[in-house]
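The following blocks contain the structures, represented as structure tokens.
One chain, subunit A, links the two complexes that follow: it is found with subunit B in the first and with subunit C in the second.
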Partner chain A sequence: MTVPNPLQGDAENKSVVATPITRQEQTASTEVMDRRSFLKLLFLGWAAFAAVAAGFGTMLLRYLFPNVLFEPKQSFSAGFIGDYNVGEVSERFKKQHRVWIVRDSEKIFALSTVCTHLGCTPNWLPNENKFKCPCHGSGYYRTGINFEGPAPRPLERFKISLSPDGEIIVDKTVKFQQEKGEWSDPDSFIVT
Partner chain B sequence: MANSGDKKNILGRIAETQVVKSIFRTGVPRSRRQRMMIILNDVFLHLHPARLPVSGVKLKYTWCMGGLSFFIFLVLTVTGILLMFYYRPTVEYAYGDMIDLREQVPLGIMREIHRWGAHLMVISVWLHMFRVFMTGAYKPPREFNWVVGVILLVLTMLLSFTGYLLPWDQLAIWAITVGSNMAGATPFAGALGPGSSLLALGDVNFITPSSDARFALLGGRFVGEGALLRFYVLHCIGLPFIIMIFMSVHFWRVRKDGGISTPL
Partner chain C sequence: MEAFKDFVNHVTRPRVLFPLLLVFTVLMFPPNEILFKINKKLRLYKLWTRMGGIIFFSLMIAFFAFGLTDPNFKKIVTKPDNVPIVGLLFLVNFFLWVSMKQAYENDARMDEGKESSEAGDAKEKVLVWPDLVYIEFISLILCTILLMVWSILLKAPLEEPANPTVSPNPSKAPWYFLGLQEMLVYFDPWLAGVVFPTVIILGLMAIPYLDSNKKGRGYYSFKERKMAISIFVTLWLLFWIFLITVGTFLRGPNWNFFGPFEYWDVNKLEVLTNVNLSEYFYMIWFKRQVPQNIILRELPGFFLMVSYFGILPPLLAKTLFRNIFKNLGAFRYSVFVVLLLIAASLPMKMFLRWAFNIKYIIAIPEFFFNI
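And then the complex of A and B:
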């Protein structure tokens, strides 16, 4: 395939005549900066620019982390022990605080509703006596131990305690993980 | 070129007016050189090659997928701006506004065009990449443009991902919950990632679920108000701004790397 050169034929080659710089013009400027001080100034300038850019970059990074969150409080009151029946998985606080309150024959504990696979919220299926995650099918016993699906570890439990007037206080900032042997910690359950 | 004397030709006379001559400085394109100068002197067209080999633009060869990707991007930009007139990115209004866009707003199809266009763009970008790979158009001197193309692919995916949250329905919230949890597994910067416990002073760990990469992405501990606003800003302003810069480089490099590749 040959394409004729479009510039051929009607190209107008205007030759620009450069005016030669004379000796006199070159020496006309009295202040001549030598190479070393020019490079020094150049380096200083760029160093200042880099410092400002780095400082602003750090500020920008910090800016992305909010100081105040408009999210529900991390600890809440979950009523009294008498509010829960033995063998019950309570979903009272699932929507607001993402916690199940589970009572068995000897204790009460607060179970996180966050699936340990990818963070969805499993459903409590009373008839099948298990938690089942709708996203990828992870299944947990009522204790929170995983037994089916892709979940890599059991559900987490939160710190649970009794206030002086007998109210159950759940503190979500402290978590207990079964695989670390933390479920035997007395802070992770209330003996009934 | 000598048409100025023909008073009967109205187009010719318009072409000789000062307005037209000031805009198109090389005049009516009659010679091959003038046609090329039109391309070179236009801020939009100069990104393109001035000449294209016939064999290189055969539909059978290019599938036109790069051009289609750009066309769909323009459609998405226009429909996206129109959607912004009605959509409010807050937990209270987002879902309702999305439903209203479909049910109540005139030409309710606007949201569907945006949604299906988004799917189409991902498909066309992948097919464009596949075509470039299969025809070996990534080879020198075009290897840098391949890299720019990969960045554009990632940006397309990020635009898809951020747009996914905006309908604020169950699918959106849980998809972004799952997706953003991956950020939590970033090495060193994510609370669940390897090496996250290295950045600590004694007992105080600096990388926690309230201070890691996922937290910065969502603006909170879970997908909520902060995440919706952040994803909205990224989707509507941040990512389009970046992708336009890279698209300009991409198109310009096609020209600078010797035009579109041709069948061997």
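And then the complex of A and C:
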């Protein structure tokens, strides 16, 4: 004897059981889910799914923010003015802080070592007196102005200042862009 | 020998090589009747015969064999990274030659009123097992052997862990991205890295809607699809294979151009100072200051762009592309012609950079809008 499936309609059962109305069939038809309880279950199911998805979502979002961030300090001391010769491009802090310290006849400024085209690190070529990017050939003068290759704008300069005891402090959280006319800002260089 | 090397070094400067290759490709794959007749007159189609192929590939092999006697050439060509690109040059040319040979043979057959040589294939029945599966199995074994031999003979070019402050000089993308990297030299990242790849993909997707030619399906033929084959092969060979080759063999330290027999000198001095079109226009032609106002300053560039994309399409519809305009209708014609103009703008800008050091047609760095 087959046990009627409550979810299957009457038509199916009639074909299996020959007698028109049996007790078993009556109980079966009452067990067929009505619209209200079906919607309830559906709602419950989707609510559970949404809750799980939301939980995983928040976990994923949380994962994007690391517990500990090993970043070098955004501002650092770059020694004294006397450490730099006039006309020198210093690569002392290139590796650790990604900054060139440049001194010309009047001032000292800090140049970012990130190419403004696609973010490679250009090389300082003392013989040719220019920065040259190995990725797409952008070239910059020692001032940071772009003059060859695809770089759309000059290198960025960082905030540079003197501490009370005469040390040079470079603050990378503040940057100055030439195309916005920010290089005349007194924070962007130290007069020597 | 030295004179020959010097000659090759001079010819492979892109400003010389690219126009030469462009003319050669268009003549080899003539898009219309006039060029087809020139091709016939010059007997260029002879390349697509057995004899032409033997001569062409012998010359190619001879060039590489001669090149390997030169230390600079040998160093770059035999670098493990670059060996597959040498293979690519031979394979692309070989398969192009095979298909063009079949196409010309078919064209000759059809001129005589016969069926194409592939017409019989559809009637013949071949079994998957064993006919196809055996071929696949043997290819699988051969490819595995090739990969094993390759991995034993050539060392994998692994380097030290990545360091953001050290960019190798030159820094090269994987070979399949060298075309994009080369494009990035001439265009801003948003154009070369975002807009152009999107346009390439959309353009490839649009081909079935733009090509209304019902001929040449299921068999090789050049005569019946001259324009389609010419456009595709030119774009494929010159904007992809050529750019990959240039990126692999001709770009050296500081991303400067080097001839194949030239020593990769880190200190090679090349004067490449960029000039914008606005500076050419105002300072060199009109001998005056570039205006302060952005709109006024970039007026020549805007004018050029508007006439290129606005005036050229209707002009071409009336002249060169009259038949295409009639076949496709206004909308599909506009899509076709704009895609073609975008594709053509790429080598134009590259050539302007090589020949005149032009950096931007429209330069508004204030709003990151540089073309």
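Note that in this section the second predicted complex is superposed on the first by the 159 of 192 C-alpha atoms of A that agree within 3 Å, B and C clash if a C-alpha of one lies under 4 Å from a C-alpha of the other, contacts with A are read in each partner's own complex, and residues count from 1 in each chain.
Just so it is clear, a residue touches a chain if its C-beta (ideal position, glycine included) is under 8 Å from a C-beta of that chain, and two chains touch if they have at least 3 such contacts.
Quantities reported herein were computed from a predicted structural model and do not represent experimental measurements.
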Contacts of A:E106 with subunit B and subunit C, given as first, second, both or neither: neither
Just to be sure I read the superposition right, which of the two partners does A:E31 touch: subunit B = first, subunit C = second, or both, or neither? neither
First (subunit B), second (subunit C), both or neither: which does A:L118 touch? both
Looking at A:G137 after the superposition, I want to know if it touches subunit B, subunit C, both of them or none. Which is it: first, second, both, neither? second
For subunit A, which side has the bigger count of touched residues, subunit B or subunit C? C
Is A:F147 touching anything from subunit B or subunit C once the two structures are fitted on A? First, second, both or neither. second
Report for A:K95: first if it touches subunit B alone, second if subunit C alone, otherwise both or neither. second
Return first, second, both or neither, reflecting whether A:F65 touches subunit B, subunit C, both chains, or no partner chain. first
After lining up the shared chain so the two structures overlap, which partner does A:E128 touch, if you call subunit B first and subunit C second: first, second, both or neither? second
Overlap of the subunit B and subunit C interfaces on subunit A comprises residues 118, 120, 135
Which bits of subunit C are touching subunit A when the two form their complex? 164-171, 181, 184-189, 193, 253-256, 267, 269, 272-274, 359, 365-366, 368, 370
In the complex, the residues of subunit A that touch subunit C are 94-95, 98, 113, 117-118, 120-123, 125, 127-128, 132-137, 139, 146-150, 152-153, 179
List of subunit B residues in touch with subunit A within their complex: 31-33, 35-36, 51, 53-55, 174, 177-178, 181, 211, 215-216, 219-222, 224-226
Subunit A residues within the subunit B interface of the complex: 1, 3-4, 6-7, 10-11, 61, 64-66, 69-71, 118-120, 135
